[in-house]
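You will see two complexes here that share chain A, one where it goes with chain B and one where it goes with chain C.
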Partner chain A sequence: MSIGSVPLRYRISVDHDQCMLCGRCVESCPYGVFRKEGEHIHVNSRVCVACHRCISMCPRDAISLVERPVDYRSHPLWTPQVREAIYNQARTGKIILSGMGNAQDYPVIFDRLVLDACQVTNPSIDPLREPMELRTYLGKKPSHLDFQKIDGDTVLETKLSPNLMVETPIMIGHMSYGAISLNAQKSLARAVTECGTFMGTGEGGLHESLYPYQNHMIVQVASGRFGVDINYLERGAAIEIKIGQGAKPGLGGHLPGEKVCADVSCTRMIPEGSDAISPAPHHDIYSIEDLKQLVRSLKEATEWKKPVFVKIAAVHNSAAIAAGIARSSADAVVIDGFRGGTGAAPRVFRDHVGIPIEAAVASVDAKLRSQGIRNEVSIIASGGIRESADVAKVIALGADAVYIGTAALVAMGCRVCGTCYKGLCPWGIATQRPDLVARLDPDVASANVANLIHAWTLELSELMGAAGINSIESLRGNRDRLRGYLLDESIMKILDIKTVGA
Partner chain B sequence: MVDTIRIDAKGMHYTPLNKAIRAAVASGARKIELDHVMGQRFIADGLRGNVEIVINGVPGGDLGMFMSGPTCIVHGNCEHAPGNTMDSGTIVIHGNAGDAVAHSMRGGMIFVRDDIGYRGGIHMKQYKEKRPILVIGGSARAFLGEYMAGGLILILGRKGKFPDIDRGIGSGIHGGKIIIRGSVTDHNLGVGAKKNDLKEEERQEIAPLIEKFTGFFGLDPAPLLNDRYYVITPSSARPFASKYTWEV
Partner chain C sequence: MCGIIGVIDRTRQCMDGTGIRAALSQMDERGSGEGAGYAVYGAFPDFKDYYAVHVFFDNLHETKPLVEEELSKWGIIEHQEAIPTYDQPNIRKVHFPWRFFFKPDSHLMPWSTTPADDIVTHLVMKINSSIPGALVYASGKNVAVFKASGWPEDVADFYRIQDYKGYLWLGHNRYPTNTPGWWGGAHPFNLLHWSVVHNGEITSYGTNRRYIESYGYRCSMYTDTEVVAYLFDLLIRRHGLSIETAVKALAPPFWDEIDQMPERDKEIMRAIRLTYGSALMNGPFAIVVANHDSMVGFTDRIKLRPLVSGELGNRLYISSEEAAIRTMEPDVGEIIMPKAGEPVIGRVRG
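Let's look at the complex of A and B:
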């Protein structure tokens, strides 16, 4: 017997009293939900992914969408998602490919943490009237400073390592050209340049139209080494070695050939239409000593002028790995939690591998401090940072700064439909189809992303001011300003925080 | 302007050594000779220019990494990964080399007189006029040309037939070509690799490389030119194309 078709995931309906037959829904939808026949808009709900493009473009608010209009017999274990995954694999025998971040209903630690504020003693600070130091420096800090007196002048003898100066601790993580469109990268690049912060290139090379923003770009070196040459390394403000990614720890990357158009092929330096396969491990890294060699090779190639970051997925032993990274000459360790987004990842990895960023950052910070090497690296937290409160909380748990990814895409219109892997993003973000890419106007989208970073920065300074803290350095690792609300004892021990009321 | 600059690398750390090399290139030297090289890594790392660097001794890992243009001639053996992510230029090794020779190499040429270690030519790739070439005089260990995405690996098997026991040739190969003198059986091939006999146009393609190789090392090209070769290529350019199904 055949499995038959699964119930509709979404039902689209058109209010024909409201509809004026303008056809914008037909033009908007690259999945083919709508078609106009005579004086009627017909709908095929089965291909809908809930991207909301039609809804946002309808001038009459005539379109509505309902998720799971058909009930399954309810069951707490055999959820519709589980059942549909089985139908899919029973039919195909293949690995299920999914998009965006972890879709499993794990508890969010951020939502069980509350921040502190001043009352009566230790007055709060008004960021409107008093300076609030949001600027921070990423990279190695010397453990001590040596000075010499020369003819009455005091001269610094210690050689300082290059640091990145960020005006706000909010950066944008690595999303490659290929995974996202050039207009999306341009929008992000203009936003970070305006905000005095940085973004990552991802493992897709650096397109020449981004050269004007290169001083705000962190160039990535991943296992496929796509787009990597000495010019690329020298252009970046910093270099990041990607070991792993929160959405799919232990896996490499794979850009399917159909997304490798002429421009992507030129930037990645591979033939058009060929698969770009980034293997799981770097071919020259099999140990911490090998990692050190790659870090140093990048520093040596760029004459020790660029900070080198190392990004790992948050996994069980992140703390010990980070301690190794801190001794490798690297300048920062990026930890990507299990809620990190992606264009495409096997569903089983996206939903089941890795650990939350909150626990990973706290344990890495604690490990580095216990070994007396916290000054050797900055900690950048990423994977599931949704709002300014998450930024404040993760910094209080020990991070120096954060990378945002999905949040920046949402600021450009992304509706988190999670269908990036189809390459048909109706918002012009996760697609290379020229007509779709053209929908994203970098003038508008860059302003939206910059607005988001400004707004979060303002909120962060208000939160800090309310807590009587006037610099980001004083918030970092300041666990006393956090309390756990209904978190269990063991998690609070790892986070090194007290419970509410204590 | 000095035409040739000699640098005594004895006891020198690689950073000052590379600084001295860069300074020599900046001063317009066309040839730099490094004496007493003993294990210094990253020589000519990220170096640009039209310069010949003669290395007397044994350089450490990642010789010529990210290198763009220069020629390195090594009178001695090499550690692992010479030509790692190299962009253009030439490396000539009068001896053996370690593992992962030409790792992710994007352009230029590497000639090794004798043998190389495991995973030689791993993930080499090509783009337009950039086509990396790795020529090995002796033999190579397992997983030669693993993940190969472009370029050419030529194994001349001068010291006995290649491969004796080694396996995994072209494991995961999805572009480029491996040409091997000697006998290759299906048992030697990695996942995703297939073998064919050398075609006439391929013989013509490798002839100038063989002559270049023998020219560097003062050898006779004749026995190599007309012998039997096998060509290993990908059985699919899209090895992962049928692995996944979409969630929706």
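Let's look at the complex of A and C:
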């Protein structure tokens, strides 16, 4: 104990004048912050993670929370986070685990980009009165079409590859059963089915109760191959090979044994209670030609009926990697930026490895175009998409569609406390404990997620209409409709945009 | 704004420039006196097999030798001349318009299936992006382009277009917002056999430009219209699409309409939209595009700019305004208003 205890992260206090001793806070908190003794609620602030469950359940607004109630001596370099990480590692000698996305204070490029609107010289289009098309096809497209005239009829000779049709370019990314609860997956699945879009299964197999939604699910094949068999592949609308993840580029998956309950173990096809650690690389992929073999094997197994996506983390060389993927028979490349969320990742990776999605999409799109192979693959952007404006901006930078993750969880109640890896999510999302899972009602949560997708889709329509665009393909890669606000020259060059005023 | 007009004679009977001058001037309300132009097919019967490379030079001493050198690398200049101009009080001659009659040496591009066209396209892109003070603004065979900064009637008199004859004329009266006063910004835009006049603003320009540039075209004129000429060249000459299919790619029906189509049409339309999504032109526009054999007019998918057409005898007229057509041909019959995205096509016979 030479280091001693570190100051509280959060202080919880109860206004005893307001408190009516209903005990909801005690029931709500799986971390054990609250304890009722006689006519008094006692608080242990040290175990609080700021999930806000108690605050949202308190009928009297009697609970308040203060972040960092105890100051360290302020220092620009030796921040409280840095000091506490050292205390932690000095004690444990271990890698620090973290959840959710990058928590480092990097500038957000999205927030330095502004969109365009029409004035006078061209009319804006009102989506309430005119058609507005967000329908997107994901997959390989021909570079040109061949027609033949047969008896005066025009006949299309070119054969199209299978594509996924989404009614809105907003999909939900891969969050596995295991990382999140079955109720959470069910809620997401019902929402995407209602909205005409898709979600990913993650590397956790496809639970039987999700079979009714399988036409809207993209099944994932990752390095651990958890849950993968022919039944699984055939059920998915598309197949995604996960090479990397934005929150932890260069690493495999990590599901703590605490979250591997009986049902999860069946779906993943692994022993109950065992840590599900998928390896950093695929053990059959040591170069791009191996990826091509896997892509083609999966297509062969499913009779070339399904698009195959390849997901990579956004890293320095993403553009060249994506160009390789485009030549591998893959139908889409998913790029996951360094702000992408995760259930569990080493903090050092989450905060320090990878690049922002904005720069990665811009360079991938430019590289594919320069090689004349942009039609070979669709680009799906993910990692830190927070609102409809981010969707519009990343599509203007060159993406075909986006995956959202954290935003969909927030729509179900998640407060982004970043403690997913503990398996005690009080919102019933990132947990497998039956009493906690039961807190998430799929009827309500699916409506919330569907509302979010609808709302963003409406906002996207309005943004496009204001820019005089009535079809999403005219926004895609249309960087002329973006301007950089106080972005430096080098970033603007990569994004291929001009500054405000230019 | 901007006013556009085009006329084609299906039997290749020639017209001089008097009629189109009057018609375009009728639409002065649509312009601002800062840009006008004409294109005429069949203008150079004596040099009809040579590419008529039109260049605006800022000065003849420094830049013309550079252009001659580039052209000579790829073929022979059969003849060259200053384009005759006649001073007008309202036109300041800031460029020297020049034309070369050029024959490319097809052997120099053995990998191409259309080597002569590809050599000329390459030269246009190269000169416009690498020789400051020289702008190639037309490059087709037997097609002349006349444009400058001024009112339509002044530009017509500046070049005396009444002295030229052709079976297909395009005219454009400009209200510039982007590059006022710059002769290169005036329409028609021409590349090889394609000439374009355009009223509107292409809101998908950024997407279209990146798409077309990935096929080796270079957009160098700071305006959205040139991309139309390049798209037609790509889709029709290089990809072999019919004019009807190309127009469907550039201004396609909405998905709601496609979903209602019979199965075969649906499949074709879906393939077109998937393949040519980046070529789709958005925003308000009315466009008339011409080549040696045809003229096609079409508008954006919700017709945010006017386009009407009329016929008399062998002649088809397309314009922003009925009044302009009637100025040129008072006896024209019924005036048709084509639907959004639906092309009006006139073809020469035989």
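The rule we apply is simple: the second predicted complex is superposed on the first by the 501 of 502 C-alpha atoms of A that agree within 3 Å, B and C clash if a C-alpha of one lies under 4 Å from a C-alpha of the other, contacts with A are read in each partner's own complex, and residues count from 1 in each chain.
Assume contacts are C-beta pairs under 8 Å (C-beta built on N, C-alpha and C of every residue); 3 or more make two chains touch, one makes a residue touch a chain.
Nothing here was measured: the structure is a model prediction, and the numbers come from that model.
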item: Partner chain(s) touched by A:H254 [first = chain B, second = chain C, both, neither]; value: first
item: Chain B versus chain C as contact partner of A:E157, first or second or both or neither; value: neither
item: Contacts of A:N375 with chain B and chain C, given as first, second, both or neither; value: second
item: Which of chain B and chain C A:R481 touches, first, second, both or neither; value: second
item: First (chain B), second (chain C), both or neither touched by A:E289; value: neither
item: Touching partner for A:L233 - first (chain B), second (chain C), both, neither; value: first
item: Touching partner for A:E67 - first (chain B), second (chain C), both, neither; value: neither
item: Residues of chain A at both interfaces, chain B in one complex, chain C in the other; value: none
item: Of chain A, residues touching chain B in the complex; value: 9, 49, 85, 88-89, 91-92, 94-99, 224-225, 228-230, 233, 254, 256-257, 265-266, 269-271, 274-275, 277, 279, 283-284, 293, 296-297, 300-304, 346-347, 418-419, 421-422
item: Residues of chain C that touch chain A when the two form their complex; value: 177, 200-201, 203-207, 209-211, 213-215, 239-242, 245, 254-256, 267-268, 270-275, 277-278, 280-284, 301-302, 304
item: Of chain A, residues touching chain C in the complex; value: 118, 121-123, 125, 130-131, 133, 135, 137, 141-147, 154, 156, 158, 160, 163, 369-370, 372, 374-375, 396, 467-471, 473-481
item: In the complex, chain B residues that touch chain A; value: 14-15, 18-19, 22, 41-42, 45-46, 48, 61-62, 65-68, 80-81, 84-85, 87, 100, 103-104, 106, 119, 122-123, 125-127, 130, 146-147, 149-150, 172, 174-175, 237-248
